[in-house]
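Take a look at this one; I'll ask things after.
Think of it as A, B, C and D in the order they're written, each chain with its own count starting at 1.
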Amino acid sequence: MSGAQPIVTSAADGAATGSVVELIDAVALIGSFPALAGASLRVERGEILLLRGPNGAGKTSLLRLCAGLLPLERGSASVCGVDLATDRELVRAHVGIIGHTNGLYHDLTVAENVGFWGRLSGATSAEVHEAMQRMGLDGRLSGVRVSKLSAGQRRRTALAGLVARRAELWLLDEPHAGLDADGRDELDRVLRAAAAAGATIIVASHELERAGGLATRQVEIVAGQVRGDLR
Amino acid sequence: MRSGTLAVARAIARRDLLVEWRSRVVTNQVIPFAVLVMVMFAFALDSDAVLERVAPGLVWLATIFSVLFLTARSFAVETADGALDAMRSAGVNPVAIFLGKSVAVAVQLLVLDVALVVAAVVLYRADVSLGGGVLLVTTILVATTGLASVATLYGGLAAGTKGRETLLPLLLLPVVAPVLIGATRATESAFGTNGIAVSEGWPWLGLLAVFAVLFSVVGAVAFGPLVDE
Amino acid sequence: MTASTATTGRPDRVTGTPFTRALGIVTLVGVLWLSWFGLFVTPADVNQGESVRIMYAHVPGAWLAYLAFVVTGISSAAYLWRRTRSLTWDRIAGASAEIGVLFMGISLVTGSLWGRLTWGTFWTWDARLTTTAFLFVTYVGYLAVRNLGGSHHQRARRSAVLALLAVLEIPLVHFSVELWNSLHQEASVAGNTDVTMDGLMLFTLFLGVIVFTLMYVWLLLHRQRALALQDLVDDTGLDLAIAARRAEVG
Amino acid sequence: MDDLGFIVGSYAVTLVAVGLFAWSVVRRSRRLAEQVPPEDRPWT
């Protein structure tokens, strides 16, 4: 599935090793506040990385930076082989982010939403169907409007959109929030399957007992810096 | 791997219209609002002769007020659950977003204009001949294209900001003055208001066409930098 | 914080330079000279009577407003062009637009006072007047967008694009208003006041343009400095904020 | 005479408006200048 993605290698940094994310001393601003104050992080393909840390530590900003939504103010950052300092827009094709919002159209059905996101990336209807199947959204749920769904079902719909878009790097902000126990188990299953299929996943969460079991590695983020990773 | 700009634009326009078809906000709220404005004009002006004379202007005034609501609605759908952010983070070409949303706004405006012209005929005794009808349809098509383009452009800029309800009219109303002028004059000839001949209306279409082409092209280029952070 | 000290020359808060100070003095002298000539020395006009005196303040003001918007357009283009990209251009554009709105607001007021005396009405739907009013609103909108926030370059890019859109919009609005106006010949009183000015009147008008240009340059320099200081204060704030954040980790 | 008020008024409006603007700009930049060391000020 990810074989179609060319891995752009740059001789200057460690991209040749296959790192999906490489941040060195990255600084990013929210307004004039340095939400990231020199964060360094390396993530390899297929990892499920858990970002831990208190509220306001910079978890969300790190995800938004990797998604190309937040400009890199200082330092260097490369995601999926794209240099964020110069080509921030290019990274977006490789990355899917689900933050506090799901990016759904509430008046449309599950199938229409997933289909729309699939169509944007040129996915066939078979691929869209497969994505919905993997999220357990085929059958009765597919024809229900998003406004009538539970929080967990919405989250799954958004995830199906990521699958349909064939995102390489998934950036998930508190994905377990608002899900019941069954929903959480299901989400974990889905994420493990996606990672097994070649996607790289970064999960920001402070529900450690839940997300900790899922993750292949954990790092802590404190005061806009990553602790316990490289350098 | 990524779809072409036009295909994406078509997907966006289709999705916008589907949202409207499902929610009926424009059908059930904006169009009644526009017609209500026409009725209120009748109360305020209180004279058949005056109404007949100013009917074309009122049609386009009501259209321009409604464009504000239509555009606000079009972007409220995108920002309600972060879909605009999601589209940007999905690397969707801003040109495609602009074209798709403009087309959807234009289609809804067309429906609105038909309702307003019917209202003018019924309420203000406007009269349309066959030749006038051709002129009227052309005017509506061209003026609507221009209006939808500028409205989408500035609507996108205002979408994420605080105070968007007041920012959009402030930015949009001065720009659409040429459309108000051109479309009103053309419609006057189509209605034969004050004995103006149909042939006198066609030159105004040149102005409307220049406006439409200019803002469609420039809007497609400027939308990205205006909306993106 | 101690605002009570009104001493202007304290070295730590000086924002003038010898050049702007000299320019300011020249401008002040020019304003006095212009007022004296405009109000007392020049004769009354044959057609307009005494009201022609308003013209010495109105015409240069309106002219400067247009010049200010031209400067905004040019510096916006300079910002957008990659090779000359600099926040200085953005600040010049913003400062100039602000001054332009000020001058345009003033000349709308003085113009309507003059119109009341000469035409007997504060406002007519003359093409130039109408375009000016639209222009005024357009740049008020531009200033509103400048204040939306975001990073410096975000602000700069957004407002530069908007300024270029305004440059595009103005001829279109003007052309359409003119077409519209040509239908209503009876309304255009403006074209008929064929003023034959004598030498002194012409000189005073010319003086007005020079004085207003000096005023504009002075205001532009100072406003631009204020904006630069604001951006600098934001940036130093950032350095401190990063250091403070890093220090949180023991 | 009516005219006199209008004529003097238009000069007064112009000068007062420009004066107020200039004053507010200078006051604002003085306050900002206190926070910026002299060598960093862009025009020096």
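Throughout what follows, contacts are C-beta pairs under 8 Å (C-beta built on N, C-alpha and C of every residue); 3 or more make two chains touch, one makes a residue touch a chain.
These figures come from a predicted structure and were not determined experimentally.
By number of C-beta pairs in contact, A-B leads over the other of A-C and A-B. Chain centres here are means of the Cα atoms, and by that rule the chain farthest away from subunit B is D. Note: centroid distance subunit A to subunit D, computed from Cα atoms, is 52 Å. Taking each chain's centre as the average of its CA atoms, subunit A and subunit C sit 48 Å apart.
Rounded to whole angstrom units, the spacing between the C-alpha centres of subunit A and subunit B is 38.
In whole angstrom, the spacing between the mean C-alpha positions of subunit B and subunit C is 33.
Across the assembly, subunit C contributes 150, 154 as residues in contact with two or more other chains.
Of all residues in subunit B, those touching 2 or more other chains are 229, listed in ascending order. Multi-chain contact residues of subunit A (touching two or more other chains): 71.
Residue ranges on subunit B touching subunit C, taken from their complex, read 153, 157, 161, 167, 170-171, 173-175, 177-178, 181-182, 185, 204, 207, 210-211, 214, 218, 222, 225-226, 229. Residues 2-4, 6-11, 13-15, 17-18, 21-22, 25-26, 28-36, 38, 40-44 of subunit D are the ones touching subunit C in the complex.
Per the touch definition, subunit C reaches subunit D in the complex via residues 11-15, 17, 31, 35, 38-39, 49-51, 53-54, 57-58, 61, 88, 99, 102, 105-106, 109-110, 113-114, 116-117, 215, 218-219, 221-223, 225-226, 228-230, 232-233, 236.
Residues 149-151, 154, 234, 237-238, 241-242, 245-246, 248-249 of subunit C are the ones that touch subunit A when the two sit in their complex. Within the complex formed with subunit B, the subunit A residues making contact are 4-5, 67-71, 89-93, 95-97, 99-108, 112, 116-117, 119-122, 145, 161, 165-166.
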